[in-house]
Every structure is written in structure tokens, then in C-alpha cells.
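Both complexes below contain subunit A, partnered by subunit B and then by subunit C.
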Partner chain A sequence: MAFNLTRRKFLQTASLAAASVPLAKVVSASTGISRSALEAKGTFGDKTVTGGICEMCFWRCQLVGKVRDGRLMKLEGNPKSIDNGTAICARGNAGVQLLYDVDRLKYPMKNVGKRGEPKWKRISWKEALDECGSKLKKTVDQYGAQGICVFPHGSSAKYPMHYFERAVGTHNVSEASFFQCRGIRDTAYVATIGKAPGEKIDMPNTKVLFFIGDHLGENIHVSHIKQYIQGLQNGAKLIVADPRFSASAAKADIWVQIKPGTDTAYMLAIMNYLVKNNKYDKAFVEDHTEGFDEFFAAIKEWTLEKAAKECDIPAEQIKEVAEMLAANAPHVGIHPGRHVSWHGNDFQRQRALACLTGILGAYYVKGGWVPAKGPKVGGVSWAKEDHGQEFDLNQDHQKDEKIYPFKPPGTPTELIRDCAISGKPYPIKSCVVWGQNPLQTIPGQQKMKDLFNAMDFVMCVDVMPTDVTAWADILLPEPSYLERFDFIKTGTQWDLSKEHQQYISARMPLVPPMFERKDQIYITNEIAKRMGHEAKIPVQTIEELVDKSLATANLSIEKLKAEDGIHIQPGKDPYGVPEDFTVMLFNEEIEDTGHPGAPTYIAVPDTPEGYARLLYGRAPVHTFNRSQNNVWLHNAMPDNPVWVNDKVAAKIGLVDGDTVGFVNSEGVESRTTTTVKVTAGIRKDCVYMYHGYGSANPLMTIGVGAGVDDQSLITKLAIDPETGCSGMRNNFVKLIKDGKVLDLSA
Partner chain B sequence: MSPSEDIARVYRFLSQCMQYPDTEWMNEEFFNVLYNLLGTLGALEDGVTIKKEIDNSADPIEDLQVEYTRLFINGVPHVVAPPYGSVYMDKALQGTFAGNTLAFYREKGFGMEDDADFPDHLIHELEFLSLMAEEHDLAGEEEFLKKLFRPWYGLFQARVTEEAHHPYYRVIVQLIDFFTKEEEKDGFQPNKA
Partner chain C sequence: MQYGMIIDLERCVGCHACTIACRAEWEVPVPYQRNWVKRLGPTMTDDGMASTYYPGLCNHCDKPPCVAECPADPVEMTFTAKNSKTKTMNVAATWKDPFDGSVQIDKDRCLGCGACADACPYGARYVNPALADDDSAGKADKCTYCKPRVEAGLDPACVQTCITGARIFGDLSDPNSAVSQYVKKGAKGLEVKGGHIGPNSRYYGNKKDMGLLFADYTPELADMASVKRRAMMASMVKPAMKKAKDIGILGLAGAMLVKGFSENEDNK
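Our next item is the complex of A and B:
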């Protein structure tokens, strides 16, 4: 196109007058600028806004925001915090970039194209909510409440998750944070000590830290790292079992370069050695454990030599570890880990960790596992209702027993997916995804896509257009953690040996939400109204929810604001074993369900010839795929190089920096490539990469195609028999360089 | 009616053209006015191209809504051209550039309403230019164009021109360019004072 005259000539001619008059007729209204009185604004300066709680990861550090003329300029730790203090990590800092990320979801959108190949159209909230409400109601009317499945994650998903579970009545809710992460740890410890363990190791005051796969330093949560570093500074010894020379292994006194999947055998041998040599805590075992004899009988086959062979490590080193633990017991921290869904034998490994802590007497003592005594704040949500067991997929109706007796809350993911795809034992026809990206959090991407394709309706609520959002029919934008109220964080001072204090804080917005983003209370309530549950709505606004919760501790949003976002009160001494505390070294209830009552090693598949086991872990500047589109973090670590053993690399001609793709043992190739990191710091039979790269969604303009998506290569699923959780480290890969597949024979 | 008031109407019309498509305003009368303006500029063919696209569609407004969403909100393969100055000048939404834009509005005695978008959104900048013209503040109009409009508009226009599927947006961004660009020799000159 070219206009046949210049702007100036046009403006000077009568043409303009003639052409401009009709223009006014079709202009609807002003867009938002109006004359305002000239006001003295004073000198612009940063205003410090308190009450922020980070959610760049789930640790939730306390923040303040430096706000200038309505724009968040910088995030810092809240100086009043007795948890993270003034420190925040790289991800915490980069929250500013997330807030103003141009790729963020801004308005409700409807997919007028296909699932997986969307054509988005902005629509009004009314249209979006009407569609969500009517489609979900239709599913319930036609198939029952169980016809809806929900994949939630994060603090904003709790209220809607409770709505669908409690008011609507579906059991089919699966959180990746349980079934693909820490659920096994929690239920294994509940079956051993009656409590989920968290990461409650008194690290600053310990004498020995014992890690199985924990890679603190790459896995960064601020107060956790403060505890860890303080412990090392105070002279704690560090034992790290890891096939890779991780950031923690680099600081270790003993690095156990263990064969993946054999950790339980390693711990059984340590425990057997301690018991056989009378180096366990007899008083603690006498007073606070049950089933010692059965336990010992079950583990006594695990000699140092047998474990050494199984774990591919020296027997002498196992003995050295056991001696170090015994010499420093009970002040030893056996870390429970966090992401533990590794091999499909994980419940037993977590039981072994809990039992090892027990026979060392390392519960409720300085340097051991110590749950801090935090303040009590009540929660407010949808009222619980009994919806029976008829449609609980985890219920074996013929045998009248649970399929996975020690599952975490919700329904195991595979049971939901199999039911949704097959239609058996009943149809599941609507899917709600809220803050989770199941295409990257749950192994088996094709299966997830098959689930979506089997649905009559799919809705997603998120902050960013993650991979899964491309499969939504309706996509709703929610405010980020910097723009909304919700989560109430409580705790104590980070070092338990210091003055005992407790804190209560609530997430408060540092800036108002932009565009048309709406919080979880609004969205859920509006859907509930359309599904006929208006009378059950527990709160009308997110502020009401937070205020009602805080009221149980005689606090309110206003009071917290007046206290700079954090209320601090005197705390309690956490040390001292409660009289009724019991460690179930042998658990009859587990035995009764047909699973081993004592910690038991279950071998995992060996690495096939020519392949290497694919291992993955946390990057210090990313939180899985959630931060992959953050340009600040992306620039800090733009891709995820694959670690390859130096001898293996030399044998096949790989050098540092080579570009490679992957093919797994089931023939699945990676969509993208990454670079090679040649290192002596990994076993020959493994390769390693950071998780959370290689987004397939072009809407993620920064993260798309950057690095390799490890999850796309995890196609062979192991299911933990006690919990139904996923095991994701039984997949094996070869590398592809210049189109040629390379054998990774050790 | 003065030329200044005429150009004020043009700016406001251009701002309207860049609003999210809706049958409330994007109707037959609107398109006829657009075609007439294009004809006056000797660009009748562009009007014909748009009309053909619209006439051949079962739901032309939805087509434009999908295109608007893809180009300016969230799209596949990516959001093509967010209509905010600071995206181009600061590489983020609501950057310093947006603050400078708001400061300019305030300096001239204007402010943003509570439900408005960011101050550096294209529609607000065009509306502000309209207000400047209505007030015969030629110097203010020139300064704003030079400092806060043209520096990013060319980058925005290039993205839309290259990636738009619908002729409507290709034409509109050129129309905006025509009415806002400086012309070295015989055109609009910035105020040197």
C-alpha cells in the first residue's frame, strides 16, 4: 500500500476536513485519558510495600516491594523476616520480570481452533464463566461429579480444588506436588513416625548431615540454605550419596557415588551394620520404636559386601559412613529429601530414611529431625462432605481394599488418566487444570494429550501460557503472587537454637492486578454459582478468606499491615521427644496390605547396553517450567547442558559444548537439542540434566525450544506400589549428534 | 472547523480502529467511513482488500478478534506486537517508558482513568494526540510524537506488517504511520524550540 500524497499536503488540503467529519460518527468513546487537575505530585521516590510472599518457588520467602509510581521496581527480603530475612534468591529477584512479562495471560480467551493447535479469541469474563459453568454442569448432570478431573498446583489452586472435591464431589483430583514429587516421602514418614517430615532437619546444630540425592546449592530455598550453610560453618560433616558430583557433593566429607536406584540397599546395610555392632541408640529404640526384632530380621541379609556390590560402591566406604553417623548420633540429620518420586521403589527408600533416623535416636534432638513449634492459624474453605467410595478409582470394590493403600491425598494420576482415556469404569469428560502444567510435571506426555482429547471440555487457569494451556477450550488469567492476597505463611526463626519466636504473615499484593486478571475466589465462586452451589460458597472475596483465617490468631489484614506484613510472637522450645512418639521400624499395617512391613530394597531395571540412565534435578535459577519464560533467569542459565562422563565422552568422540539431541529406549526423540558438559563428575551409566527446559509452547517466547525437555523423554512409567506415585528415573537414553545415534556404553 | 480539530478526529478514529473488535462499533458504517478515508488518501485498493476479506468470511468480527488476540494479546506462534511502547523501549510491560509517557500526560494536565490500560498503549497515545490537537497544542503534539510515539511505533508497525494475516491490521498500522510520521522535506517538522 502507498498513499498517493504526503501527510503534509493532506493536512493542508480541504480533503482532511471532508474526510474527518464522518470519522467522529463511528468513534465510540474515550479510551481512558481525561483532563485532571494539575496536582503537585512531590518528588518521586520508591515506596516500600510490605506483605509480599514469594511464589517463584514453593518455599515462599517474605518480601517487600520497592514501588515507584505504581510500578514494582525491585523485590527484597522483608527486613522483619525471621525466616529468609533480607535475602531472596535469583528467582525471587526475577519476580519483577514475571510480573511484567509480555507473554503473560491477560484476558479470558476461548479456543476457536483445535486443542493443541489453538486459535485464541479474547472474550468477556461473563462469556468465559458462562461457558465453564454450563459445560462443567452438563458433565455433572450427564456423568456425575466423578466426570470431572482436576489437576491443581500452588496456593491459588487450593480453594478451587476444595470446591471440586468437597462441593461438587469428585475424587479425581491429582496434584503433581504429591504424585510426582513429595507425596511418597510424606506417606512413608506418616507410616513410620505418624507425621509428614517436611525438610525439618536442624541443620545449623547438627554434627553430620546425610543426603540421598539432595543437591542443596542447586536446589535453593533461602532459609533452608541458610540452615545448611550455618551447619557446615559450625563444623558439621556432610555425607552425600549421589551418582553426580552435585553442588552438595562438592562440599561433602564423603561422596558416595552410588548406582541409581540402590539407595535403599545402601541404607539397609548401614542400619544392619549399626545394629550388628551395637552402634545404634538402644535407649531410643527401647522407648520410642516398635517392631525392632522383625525389622532386624528383615534387614540382616544386607551385609556391607552385599550392598557394596549392589550399589557399586566400596564396602569400606559404607562402613565409614555408618561409623561417622554412629560417632555423632543422635545429633545427625538424615534428610528426608523433597522430590522423591524416582524409581517406583521410593516408599521403601523413604521408610529406610525414617528408620535410620530412628535407630540413631535422631528425632527431636539438636541436629536431628526437629519439627519447629509454629503458631496455629485456622483455614477457611469449602465445607467437607462425604461423597462415598463408589467412584473412588483407588478403591478395589471386589476386594474391598485400596489399590494404593499409602497414596497421598487425591487420586493417583495414572488411575485418572487410564479411566479418562478408556472410559472405564466410568466416563470422565471434563478437565480443570489450575496452576499446573501436567505436560511437563507428569510423565507420559502423549497419555496426557490423549486424556485432553477424550474430554468434552477443558479449562485452564494460569499466570503464563504454559504448554498445557494450548489444550484448553477456555483459558483464564489469574493474578500473579505479587498482585493478590492468599497464602498465610507461618513458622519460626530459621535457627532453632536461637531465641524461640513464631511468625504469621499473609500474602498481600505489592501492586494491583493488571489487565483483566481475576483471583481464584472470584473465578471459583462464579463457576459455583453457575453449577448450583451458590449457597455453599464459604467466602465472597479473597480478602474475606484471609481475614477469617487470620482472625483465628486474633489478627487481620489491617493488623498485619500495621506490623509491616509479619506478626512476631514468642515461640516454644522444639527439642525433647514427646512421650507418645513412636517410630514403626516394622509396620504391621503395611504388611497387612501385602507390602513389606520393614524397609525393603526392590531392585530397579538395569541400564540396557548402549544407553545411559536419564537423571534430572533442580537448577538454582529455575523452578521447573514455571520460570522458563523469565528473561532474567533465562539469561542466567539459557539451556540445560547434558552431563556426560568424560571417559564415555572420549570413547565416542564427544567434546564439551557439542550440540546433541536424545532418543530414549522406547524410540522417542527429543524435540530440541542442548549442549554437552563433559565431566568426571558423573557415573558412566548415567547422564544428567536440569529439569524444566525446552517448552513446546510457542507462546512462551523466551522458553520455547530452549534446552531439552527431560519430561518428553520420560515415557516409561514406574508406579510406586504402595502409593501409586510416579517413578521417573527408569528411562534410558542415547545421544544424537549430527544425525548419528551414539552408543553410551560404559 | 480548524485543521487541528480535523486531525484530532483522525487520531481518535485511529485509536478506535485499534480497539478490540466488537460489533458494538465495528459495523458497516465504521467500515464505510474507513473505506472513504482510504479513498481520500488514494488507497482505495486497500479498502477493497479489506472488504473482500470481510465479505468472504462467515464471521468477520470473530476473524478480527482472533487476529487481534494473536497479534496484540497472546497468540500462536507468539504474541506478535504488544501495542505498548515500553515493550520495545524497555523490553517489558510498564517500564520506564510508560512512566515517562504518563509524566508527559500529567505535564499537559491529563491523567489516566482507573480502568484504563497502561499509558503507553497505542490507543491511549493516539487519544492523547487527539486531545493535544483539540487544544491546538501543536508544540505538545510534535514533542509527544517525537519523544514518545515514533521511537517505538516503527518497530511495532514492522512486526504487524510482517506477521498480520488479516489485511485490516496491515492497513491500519500504515494509516497510523501516515498520520504520525515526520516528513523530512515537505512534511511535518518537529518543533526545534
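Our next item is the complex of A and C:
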């Protein structure tokens, strides 16, 4: 068992039980039986504190805390919530173990060793901030604002990100949530329907759900899962295209065991079939789409047979899916997905999803894509300033055009890394990492390390000593989401068919911060003062920021507190297609940039002989790589077994539970090993593992070396040509067992 | 009355919220557990490719094999029902409640021998070393169906946090309860092979998923000879244990335990 809980950690957990031993027995009123003093009391009698907003992931459920003698014992869903209700997921429940994780960053630290091999020295906040301020200012003075690059993630990184983008003036900001996750989805839908789609499928009220790679159940966001299961309970059919028999495939009516990378061909064939057989929504296409003829001309080569061959699935099944969608349209939910940076052909796939929704007329109707009408709350941050295009790496100055015309906000990661490493077209010499762990988030770990080595100065702000923190010169500790104010979360009731309601909540601390942790407003403002931007500081404290934002909705922290952390008000009916709503089936603007204006399939590299394509996905108990040191979550799934097709395994003598390492097609070996899961539920040409394991930082005493870091094996970079986002599923691996490299040929 | 829990596999997504909420509510130390979620499959079955979950917990059985094996000296206990009826029974350190049907433990009288844990065919009991004292390596612990929460009018912690409403708690002897409705629809307990102990945590799902669950996790009764050996060994050291409690050393030991841990905390 890969159980490496240290004794100290164990005692810390155990001490909770021992410390809570009451002196007298509790006699139950209803049974007359006295309970042993040794019995845990249960947290239900503890003091309830309200106003929590989870950030174990970005879904941000509303919480209450149970506090005993000043210690947070348990987190629960806020009973007042119309979103998650009293439910929270495993990660949400395990938040207390992040809060009290002994490995957490506690004090400002200076690296007096080497980058990547740090020796940490505790320093004062003054020294730390002086160092950050002077080094960053030196970079700006010497190389300009563009000499700073920023890798932010999460709600605490928003304010500092705005500072560096707006007040300092660098374009070189790369958010993993865009460039390694959902950015492609958002810009592809913007180029099709004018809006980012979110995951706004009216699942409780749909008749058919259509997932391309979505693996809800392994991917857990509370109200989203509530919607999904409610839909299935209400009788919705589920179609899941996935090379693997995922948690969603296990609940599906039709599992499409598609060849990785071919999803666009699959959808083009469905659309072609619908159009050719007059099974599309003609009225909707007439009223709300543009470019139908060009669109049809571009996709008509995609017969069922052609797609069947390309996607390695039966033509009959494609027809069955198309017929099922047509028979239930427009009440069908074509899910836009979330993490979609897969193969470097992803913008076109996301366009195909948006167009398929369009020809089925499944926008703004029951069961389709329906954006709920939430409340408006203004934000407060650093004032926007125009810093021109001169140092925008995405600008091709010679051709006077954008390199990646449909990039999400920020600058594509590879443009920043290439510039920082080569020094061309200009030097980038300081790096600010805030809440992101680029080593386990961005493919090409060596390239990331090369970037850090090219810097004059690297600073990291985080809660945990993640892998990237080992590369910092200065490392600053933040309070966790349970100990600080910040994020304002708004939304509606989770089932759109129910009474229309809206909610506004703001994150409030459930317990005070411990040690010397400081919030993002303090840290950013202190750096801003040292860089000469004191006059531009928009707020002095995080409470001021939250209060000013809430004031735009006639609310305040005090008012929210009086309402148990959540303000609820009447909502609006979200159904009904806006008159000017248009789906660009063919988009000339895309064509003008030299990319296909109609959704187009671009084949991805085939799996080389002897290798299997490395696929990865979400573990239900982890978020990205952020929760791997959480002792409760680690214990629930201590490693990330690699799924191997049973026939392939039999051929090469692998059995369930074998310990294996990996080597990829570029010769990079995994640092650690994991176990084998032999299953019929995966294609022969792929292997699969959960993302977010195998930390390399020994300061993460639970997560270090537990399982395999999938990102370490993703070294071959695929860049989506329209967006500049990373494609991470074009890497191929062999397994290593007992020192012997095993061919995975099917 | 017989409390029972339904796990609706059609709703369950295998997210583990139930297990972690239980850990927080009852301070269950890693790596022990009062409930668990195991993923089954994907594997090819007679009904096609299948994958589901085994969310397990104490079954509060009709005839709990754990209760019979407890070697602690029986004492007379009077149980009171909701309607004020009482019943007096001689019970060891673990018993089946005559009124609500739940199986409970008295940690004061538990010897920590683990015989009950060995006897449970589901592996639903463990010995919690955080509660170790001079005479024992810990105390037996398991799911209580959140009895203290239920008596306070709350749902069990696992039920409260369940995202999809896949866990339903209630009275199986009331034909109108939600749990009884599930039993009518076909919810079944994981009865032991060749025996009848009457598990009251029951599973509901489609044929394929239920087939996979029952094929993989239908348990066998434990080897009672080894259970009884362990129970006998434990009963031999009982006098020392009893003496310790009579003179209040246990309380002192508890206090020392707390001090020891807090010192450890200071050193971290």
C-alpha cells in the first residue's frame, strides 16, 4: 500500500480525537443510554460559522464551518445555499486537512540555495517585500514592464494579476485555466455564438445528454453533478464519446469508444447526416444562424462511413446517435466540456460542438444550452490602462496580425516561454507565480525549468510547497480560502425549472489566519508601493475590496453576515432565444485569419508502433495537482493506477496491481512508479491515469512521489493553431516493469 | 423499528464525499474508516461493459455476528424507545439496539481485542488506536448510523453531504418510508454466502451494476475459530483492565494521552 503517512501527521490527526474527550458521559435523552466519554462527540453540536466559500476547486460551493475551541472541525454545505445545498464533495469535506496541513507555508522564506534545490531561510515580511519590490523594479527599469512574466491561478491571484497587467503593464500573463484548460472552449464559442458557454447545459430538463470526453462522476462539481443526475433520473438518454469506459460512460445509453483526437470527424458526420436527411432544425437555422450553405459545403464529405473509419467506430452507431439527437431536438444538451486542451486541433472541435447545438436548435430551450440569469455585482480592482501592442508577443509586427487570432485573455504560454528562454524578441527577466504550479500544469517540465533558470528573479505565492515553489527565490505564504475574505460568488437555483432565484455570497473567513500568512491585497500593495505605484492602489484591505464590490448590489459584508452568508433575491426566466442571437456556422472572420471558417477536422499524429497514447483525467478526490498532499484525500486514492487494456496486458504479461514506471516517445522517464489497472474498459491504443499525482517536492510529505506525475511525461508540445493553447494528449508511452521496457502494441 | 440505509447506485457517482464527511464528523483517523467507496470495473459482464461503486458501511445486521463474539463481561442495560417503552437486556460491550435495530459499541467497556472486527464479514469495524490506553491497543469503532445526529433530528453525515441524494436513511419496518419503497423496488443487502445475517444497508441499481456488485462483494462468514481464539485471549487479560477502570486510571491515561499529543503538536 502506498501509504506513507508520517507519524507526526498521524498524531496530529489522532490528537483531534484525544483532545476532544469530554470529562463526563453524555446520556442520550431518547434512549437513556450513556455514551462513552471516549466516543467522538460529533461536530453537529459545535458552533456553526457561516460565510465560507469553498476553493478546493473553482466551482466554489457555499459552506458553513463547525468550530470547537477555536478549531475548525468540519465543513458542510450552507443549508441556505440554492446551489450546492448541504452537499459538498470529498475535496470540500477535506478542506480542514488543507487548513491544518503541517506542510503548509507559514513564513516568508528566502532561497539561499539553488533554484530547484532550495535551502530555505525564514525572513521577515519587510525583508521579503523589499526583495520582491526591488528586484521587480530593477527588471522594469532595465527591460521594461514586459520583462516580467506572471503565472497566476485562483481567486487570490486575480488582484495581483490585474496589478501586473494593468498598473505595471506586462502582457506576459499566462493563466493555466485558459491556456491549459478551457480557453479554447471559450474563444471557440465566442467565435460561434458570441459568448463563452460555461457548462450551462440545462441537464435536469434535457432529453438527451451528449458528452465528448466529459467524465462527470470522476470530474465533480457539486451543483453540476446534481443537474446531471437529476437529468438521468428524469429519463434523459446519455451519449458518451470516450476512448475509456469513464464514470459517465458507465451510466450511458450509448458509449462511443472513439479513437482519440477524432471527435471533430465524428461530429461532422453527425451534422452532415442531420442536414442531408433534413433532420435539423430548419426554423432555428433560418432565424438564428449564418453561413449555413458554406458550412454544409465544408462538411458534406463526412459520410457515416468515412467518419466510422477515421474514428474507429461503427457507422451504424453514428447514425443511431444522430437519430437520437434529432428525435429529441431541441431538448438536447450538447455539453461544451471544460478541460479541452487535448490535441492541438481543439478550437475546431469546440466549434463543431457549438454548431451541432445550433443545427439542433438547442440554444435557450429546455434541456439545451441555457445561461441562467444571475445577479449583477460589480468588481473593484486596478484601473485598466492601455499599454499598447509593441511588446505583445502575440502580435506579428511585420504582418500586422495576431499570431494566435483566437487566443483567450493573456499571452499564449509558449510565446512567453520561448521569449524568456531565448531572450528574443526581448528579455524577460522576472517571474511571478501566484497560486499556479506550472511544473505540473503546463506540458514540457524541462522548458519550464529553463525559463526559471533564465530569470534574474522568481517569486512564488502559495498555500502549499508545490513543485514550482522549489524554483522561487522568495516564497510567500498566503492564508487559505478558509481564513480570508475575497471571492464574490453569484448564481441561481441549480435547477432552472424551479422557482427562479438568484444568490450573492462573499467568501468570509471561518477561522483567523495562523502563523505569518498574509493575503493578496497586502502582498500586492506592498510590492506596488516599492515599485512606485502607490498612487494607483485601488483598495487598502481585502475587506474594503469585498465591501466596495458588494455595494454595487446594495450589499455589504455586514448585511451578508446577517443573512448567514448568502443573499437570495427573486430571479428571472432564462428560457427564450434572444432575437439577435446568432450561431456562426461558417465564420468569415476565422477564414480571414487563414484558418477554416467552417468546423474542420485536423488529424492528429498516430500512435507509433509499440507505444500507447497517454490519456489523463480527473480523480473525483483531487483538483488538478493542488490537493495531492491532503491526508484524507490521499488516503482515499493514494496513487493513480494506469489503465491498460486487458488484451494488451495479457499479451505482455501485465497483471492487475503490477508496479510500473513509464518512458515516453522522447525518452523521458517517469520519476516514480504506479500500479497497473487491467481493464476491458479502455481502447488498446491508449493508457489512462488520473492527473495531479507524484509531486517532486519533498516538503509535500504526503504527496511526494505518490503515484506518477502525468505532466512529466507530456513533453511533446502541440499548439492549437487558432488559440495558442497547449494540446496535451499527443504523447506516447511505454511501460517499464522490473527495469524492462514493455511494448504496448495492440 | 429497524434503521436502514439505501445506496442508490443509479445516483451514486463514486465521489467519496460520504467517506470524508464521516471522517470529519467522527474524527476517524487515517487510514481507518467507518465507510468506504470502492470502484468496480470497468469489466465485461454478461450484461455488457459495467462499472459501478461499492459504497460500504456497517450493515447493522438482523443477526450481527460481531455482537455475539464480544468477550467483555455482560452488564444489565435498560433501553428506552421513543414512545418511552423500556427493555432491559444483558449486553457485552457491543449490542443490537432493541428499538432502532442499530448496532452500537460502549467504548468504556470495549477491550479493544478486535474479535468483533474479525467477525464482521464486511470489514466494517476497526480498532481505533487513537483511543488506546494502558490495557488496550484501542477501541472498536464503526458506523453508528450517526445515532447521536439522528437523535438530534439530523441526517447521518454521509447522507447530508451526498451530492446526488444517493444515500437514503430511514426505518425499514415502516412500509411507507422511503427506504421501504426502495426495498419494494428491489433494493438488496449484501447477504453472506450460504448464511442469513440480514444486512440493513441495501443497494439499489440496474441489473448490470447490481450483478457486478454482488459478484465482487458478496462476503463469506469469517472463520469463527480464530475470532473466538482472539476473544478468549482478550477475556484473559480483562481483570487488569477492569481494575484500571475501577480506580479511575483510565481517566488519567486519557489525560496523559491528551498531554502527550499536545506536546507533540508544540514540537511540530
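The rule is simple: the second predicted complex is superposed on the first by the 701 of 746 C-alpha atoms of A that agree within 3 Å, B and C clash if a C-alpha of one lies under 4 Å from a C-alpha of the other, contacts with A are read in each partner's own complex, and residues count from 1 in each chain.
As a convention for this text, a residue touches a chain if its C-beta (ideal position, glycine included) is under 8 Å from a C-beta of that chain, and two chains touch if they have at least 3 such contacts.
This one's a predicted model, so the numbers in the text were calculated from it and none came from an experiment.
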| item | value |
| --- | --- |
| Partner chain(s) touched by A:Glu76 [first = subunit B, second = subunit C, both, neither] | second |
| Touched partner set for A:Trp120, first subunit B, second subunit C, both or neither | first |
| Touched partner set for A:Trp255, first subunit B, second subunit C, both or neither | second |
| Touched partner set for A:Val621, first subunit B, second subunit C, both or neither | second |
| Which of subunit B and subunit C A:Val102 touches, first, second, both or neither | both |
| Partner chain in contact with A:Arg35 - subunit B first, subunit C second, else both or neither | both |
| Partner chain(s) touched by A:Val631 [first = subunit B, second = subunit C, both, neither] | both |
| Which superposed partner A:Met514 touches (first subunit B, second subunit C, both, neither) | first |
| On subunit A, the residue positions that both subunit B and subunit C contact, one per complex | 3, 5, 8, 10-12, 15-21, 23, 25-26, 28, 30-33, 35-38, 41, 102, 631 |
| In the complex, subunit A residues that touch subunit B | 1-12, 15-28, 30-38, 41, 68-71, 97, 100-103, 105-107, 109, 112, 117-122, 465, 470, 514-515, 631, 698-699, 701, 704 |
| Subunit B to subunit A touching residues, read off their complex | 1, 3, 6-7, 9-10, 12-13, 15-16, 19-20, 24-25, 29-30, 33, 36-37, 40-43, 45-46, 62, 65-66, 68-70, 73-79, 82, 84, 87, 91-95, 98-99, 102, 105-106, 109-113, 115-118, 121, 123-124, 127-128, 131, 170-171, 174, 178-179, 181, 183, 186-188 |
| Subunit A partner contacts - residues on subunit C that touch it in the complex | 10-11, 13-17, 19-21, 23-31, 37, 41-44, 49-52, 77-82, 86, 97, 99, 104, 106-108, 128-131, 139, 146-149, 151-152, 154, 160-166, 209, 251, 254, 257-258, 261-262, 264-265, 268 |
| Of all residues in subunit A, those that touch subunit C in their complex | 3, 5, 8, 10-21, 23, 25-26, 28-33, 35-45, 73-77, 84, 86-90, 92-94, 96, 102, 216-218, 220, 222, 225-226, 229, 232-233, 245, 247, 249-251, 255, 620-621, 631-633, 635-637, 679-682 |
